[in-house]
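This structure is in structure tokens; I'll ask about it shortly.
By written order: A, B, C and D. Residues from 1 in each chain.
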Amino acid sequence: MQVNESNIVANEEFRPKIVAFCCNWCSYAGADLAGNNRLAYPADIKIIRVPCSCRVNPMFILRAFQRGADGVILCGCHPGDCHYTSGNYYTRRRMAMLFSMLNYLGIEKERTRVEWVSAAEGAKFAATMQDFAEKVKALGPNKRLEDLRCKQ
Amino acid sequence: MQTVTRETLLDKASALLASGEVSRVLGWKKGEFAYDVTPAVFESAEEMEKDFVYDIFSGANFSKYLIKETAKEGKVLVFLKPCDSYSFNQLLTEHRFDREKVYAIGIPCDGMMDASTVKALAPEGLVSAERDGDNLVIHTLYDGDKILPYADNLPDRCRHCKSKKVVAYDEMLGENGDVVDSHRFDEVAELEAMSEDARFAFWQNELSRCIRCNACRDVCPACTCEKCVFDNPKSGVENKAISDSYEEKMFHIIRAFHVAGRCTDCGECSRVCPQNIPLHLLNRKFIYDIDRNYGDYMAGAEEGSRAPLVNYKTEDPEAADVLERGDK
Amino acid sequence: MQRIGVFVCWCGSNIAATVDVHAVAEAAKLEPGVVFSTDYQYMCSQAGQNMIIDAVKEHKLTGLVICSCSPRMHEATFRKTAANAGINPYMVEIANIREQCSWVHKDMPTGTEKAIILAKAAIAKVHLNTPLTPGESKVTKRALVIGGGIAGIQTALDIADAGYPVDIVEKEPTIGGKMAQLDKTFPTLDCAACILTPKMVDAAQNENIRIISYAKVEEVGGFVGNFHVKIRKKARFVNEDVCTGCGLCTEKCPQKKVPNAFNLNMDNHRAIYIPFAQAVPKVAVIDPDYCNMLKNGKCGVCAKVCTAGAIDYKQEDQIIEEDYGAIVAATGYNPISVEKFDEFAYSQSKDVITSLEFERLTNAAGPTAGKLLRPSDGEHPHTIVFVQCVGSRCASCAGKGKEYCSKICCMYTAKHAMLVRDKYPDTEVYVFYIDVRTPGKNFDEFYRRAVEEYGVHYIKGMVGKVTPENGKLKVQASDLLADRQLHIDADLVVLAAAIEPDKSARPLATMLTASMDTNDFFTEAHPKLRPVESPTAGIFLSGACQGPKDIPETVSQASAAAAKVIGLLSKNTLKGNPCVAQSDELMCNGCSSCANVCPYGAITYVNKEFRMPDRTTKVRRVASVNPAVCQGCGACTVACPSGAMDLNGFKNNQIMAEVDAICK
Amino acid sequence: MMKKCPVSALNTVLTALSGVAPLYLPVNGKGKDTRAKYTKYEDGMIYSTALNTVRSAKDFFFPQTENLVNFKVDGKNIEIIDPREEHEDFILFGVRACDYKSFDVLDRVFLSEPVDSYYASRRAHGIVFTMACTRPAETCFCTTFGIDPSEPQGDVSCYMTETDVYFDAKTEKGEVVLAKLGDLLADCEESTVNEQKELISSRMKALPLSSLSTEAFGGDKLDKLFDDPRWESLSESCLACGTCTYVCPTCQCYDIKDFDTGHGVCRFRCWDSCMYSEFTKMSAGQPRLTQMQRFRQRFMHKLVYYPANNDGLFSCVGCGRCLASCPISMNIVKVMKTLSEEAEDNGSK
């Protein structure tokens, strides 16, 4: 079966697991637009829809790393454009603090990213994901925030 | 030198108890040795006369106990050292106790010893320790006395004291001090200057020692949740185990994040850690980042101030810029 | 345990070309809880929907996962399908395998593998879904408009015309606002009073409008559809119902030295006065700071002359309490104080005036009866210098000016210059500007006329210094285009002061829990798409309280706000979005972090008694979310350290289940 | 036969021992925390003579977290996997008398029926070299519980003077190991350490806690102690952290939980603490609702319940770790002293 073949390929070449949290109003729509325009980006990116980037709890991000993610990216409306007016401003502070802390603990800073993508920026969405996936891939598997129990 | 003596505090407390102004006193109770002073609630002048101590080991921060004590009838007297008073304000900001039910006495402080610091100086057979002018005198069972400069041998939190100013009190005993230049971020900056790999090795070594005893959380005056996420099976992150180094990191990252912008840097977490993990370096990282990116902010300096993580400015720096700055 | 049905859509070949839809359906079958899984060509078609309904009935499904196009496309469709099948519409999750999978991944194995993972994530989430029901609340069919300028008047008139009662609260003794003080309006040069005062009268006579003048809002409670407002109506010492507005008292009052605020203190009125002839309500008011009777009980002239017996020295402030369904903020603007700009010598010379003072000087009802005379000596000025952007676009003059463009100054200055040249052709008029900004219908043409037809000297450059000297104003300025210094001996200098929100707006915003920007302008719910609504549900914005605006813009925004209010009041009940935050009171410690980040003011605190495990009781402060106000952003859920605050539809455990499924 | 080697040759002996089986011994920490921790021996490591290790030797037999069984889920199939590998022998060097006694306390829990096979296997493979305490600390009170630090027991009892290290095999296992060291150790008379033993005994008597008595405690004191009003004041500043239980060599409570790995389940056990509010929570709720009750539980267990079920053996060995590590300096010594006072204020508060 074809699916299994791709699994074999996966064993040979490192394919990162990447979680992308996207806000419903801008970035998720931006991802949809990338789809509408058939702008390809790596399938390693899996999107989780949240109402606003400010819904993303640091625990979700750590959870993703624990469960085997190699990179986590968070996308929201551009500052000033938040559907809820201020959500992404809180996101910006929270994630700046969290990612700075992760890096302080030695977790590679390329594994985390915040990016503002509007509903009109399908191309930016695809390009961002392409770039992020490449950077994470270059780092190799996440070893510094992994939970071996989840890799059994 | 401690300018305010045990007798001063005792007289004050006795008078307030006698007048009925307060019903209870939160104070330090003497232990078996010099260093094992226990926070206690005294209800009479006689009890205090018998067991109350105020010396170089009277370091415990009482602020958090006020949540419990103010739920009782009557007023409680509390002694606030400068760092305690910041926690006191922060708890008030978060509506954690009724200010009306507290009589707060501010006392100046020029650094408190703690058991683990003194034990590190005299690991074998520590009998007692006291202050003699600018010196710390340690009496041991087998190695005689050790005399060391007091100020240089204080625990980290006191060597890098951020403020000698009691910021909340009903009455100040002795002279109030000022906010001081603490150099408390020097160590954070040193870590930031290291490579990612070296930082990882450092923290891996430190955090892997964690035994999940929760002492840091339970002593923390900012950790006053009704139920901590780490105790709540519904939270999805509850865990009692240590495992594969992830759990300890997650615990300490999330704990530091939850108190980010609320932590008053009292240093109790590091003081109580049985594994001597420098937990304050996590909290200070957040404080340092907040100061550099969102403007100086000291939790508890001002009652009612809005914590930086529940606040924003439209011109805040982006996460990537903050990361650049923190990784020199 | 849920009984989950998985429905994989081909979307014709849109999905099926790059995703093996059958393999996805088969893989889903292996997931715990999945009791039915299938694929179909067009799931959104009637046949597809019927298939779902049949499957729900046949397999007693409790949760649905639709693997299809984006939820932004068809989530609503499938929620309806679920409802038609008899299950709660919020028991549906969509796995987006078209826009975010088949369309962006080109080969079948990759697409299929990802589609399976997305399906698993949706299955993991739907396991934790709970039925949600939107809350309902009644709507009080009455609106409150705060501010009675042209914005407030227009909003009130439109709402009233739709048949809903409206109250206008105005802090001055009369409605009319800034527009009542203006002389002519650009770009048509029709007289402000001629177009405004009929509207004021309309408002007064409309049976659906109640004007509460000389009043302010003191307290606002409640939420969209159900506001409760306390209004303090200040004592005017004149019985409003009895006063006929004859004005006799205002002529007989012996206290003549009361600065006339309506004329910007350029002349005086009596202690009892009517602000201007066309005031609405046309009722006298006594200024207690000047009235001899009120100050020391000696006088009483007005009471003696009032044939209607309207004077009431014992009148007290009155508190009016009323329920409203919607509130419109129309608090307007004021010119900033220009006294801090020492270089323009505003405080040193009476002949340096602001543009609004200039309006009064040219107004027939003004202190000079419309003759343009110098305030210092009453002489006709022959050289007039207009200075633009005084305090506007002034990033460097922190504390004095504003960073933003005040928007209206370019146009009214062109108007002033043109009017002066028209009425007094012997007058030289200079306008110093940074840029001349004239976007707007007929605006640039208007400005061109000022320059080309009326010969106004427009000079790009700023005035550096104004020095009063021998009855003249020495104006030192630079002409940037010619790159030279100019020295003009002017008779009158007119400063186009920046405008700022009225000072009453900030405390009002706090009461309304409506957000403001750093300049104290109200922020809109969305800068482009919801420009007349505040982020706080039920609060609407009209006029310059939202940002600098000219009259046509103000009026159109006022009508837009009215339309929004009418839309709200036309509903009998409000159905909320059920995906709102919810606080677990047992875990909440009342720290206020959540309320601090809530942009809608949806969170309040209550003291609640709890039974403790040791059978004692304890009163604790806990957060309570008003589901009618919450918009479901989730900011509070992260601010809450204990996790007491969670978001329906996007609960912590649901998102973590998705994370787990994706990272597996 | 007692054996010895000069202190200078200790490392040679340790290296040889590590050749017999993996060797763990106290080594001073590097970096900020210089206190001694059990560390796997590598050549050149220096044995720490520090009195107590930060964590007790309990870890080797009853680790803080231990996988019991794994389940692997594949589609709708579940595979059950025993994660245990066959244990090999290991040597624990430098265990103090108190810690050694703690194994006895643990054995009575884990080795009584039903035998805990995970614990039993580790115990069977562990070879314990104890070390007599020449310099006991002010926090020591092992003698209160009848432990003699001059006779530290174990498979091999060791004594250390400034010049020599003495080895006294106490069990067959011990003798076998010592025999493998061959010429590295020289024979000597048992009496050579008598002076050392006397020194230890006299030092123990001079310690500040030497007079601490267990008289007021024991299996028959339940009724007398349970409702003592002084539990309230003793526990009032307890933070409810688990430090005392986790540094304790005899605390043996654990929880068993399932961890969902995404692919299956790890069933593990981990230490639990009676100080925690969620401890032994059942479907009906917690049996002990207040911190006072939880606090009381810990000390009643050590001083009353355990001896009641174990021939009068107290489940405290007086190592003093909790005295040093409790954040608020409340500890078993203070509890024992307070409750031992036939105080006039008993019941008045």
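As a working rule, a residue touches a chain if its C-beta (ideal position, glycine included) is under 8 Å from a C-beta of that chain, and two chains touch if they have at least 3 such contacts.
Worth saying up front: this structure is predicted, and the values here are computed from it rather than measured.
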**Request:** Tell me which of A-D and A-B has more C-beta pairs in contact.
**Result:** A-B
**Request:** With chain centres taken as the means of their Cα atoms, state the distance from chain A to chain D in Å.
**Result:** 46
**Fill in**
Whole-angstrom distance, CA centroid of chain A to CA centroid of chain C, is 35
**Prompt:** What is the distance, in whole Å, between the centres of chain B and chain D, each centre taken as the mean of its C-alpha atoms?
**Reply:** 30
**Of all residues in chain C, the ones touching two or more other chains** = 597, 639, 652, 656, 660, 663-664
**Request:** Specify, in ascending order, the residues of chain B that touch 2 or more different other chains.
**Result:** 229, 235-236, 243, 309-311, 314
**Asked** Residues of chain A that touch two or more other chains: which are they?
**Response** 58-59, 63, 67-68, 80, 86, 90, 94, 149-150
**Request:** Sort the chain contact graph into one of these: line, ring, star, complete or other.
**Result:** complete
**Prompt:** What does chain D use to touch chain C in their complex?
**Reply:** 75-76, 260, 262-263, 285-286, 289-290
**Item:** In the complex with chain C, residue positions of chain B that touch it
**Value:** 71, 93-96, 224-229, 232, 234-236, 258-259, 306-307, 309-311, 314
**Message:** Per the contact definition, I'd like the list of chain B residues that touch chain D in the complex.
**Reply:** 31-33, 35-41, 43, 60, 65, 115-116, 119-120, 123-127, 141-142, 205, 209, 211-215, 217-219, 231, 239-243, 268, 271-272, 274-278
**Item:** Parts of chain C lying in touch with chain A, wherever the complex brings them together
**Value:** 20, 23, 70-73, 96, 98-101, 103-106, 108-114, 116-118, 121, 515, 523, 525-527, 535, 579, 597, 599, 631-635, 637-639, 647, 649-650, 652, 655-656, 658-660, 662-664
**Message:** Quick check: in the complex, which residue numbers of chain A touch chain D?
**Reply:** 67-68, 149-150, 152
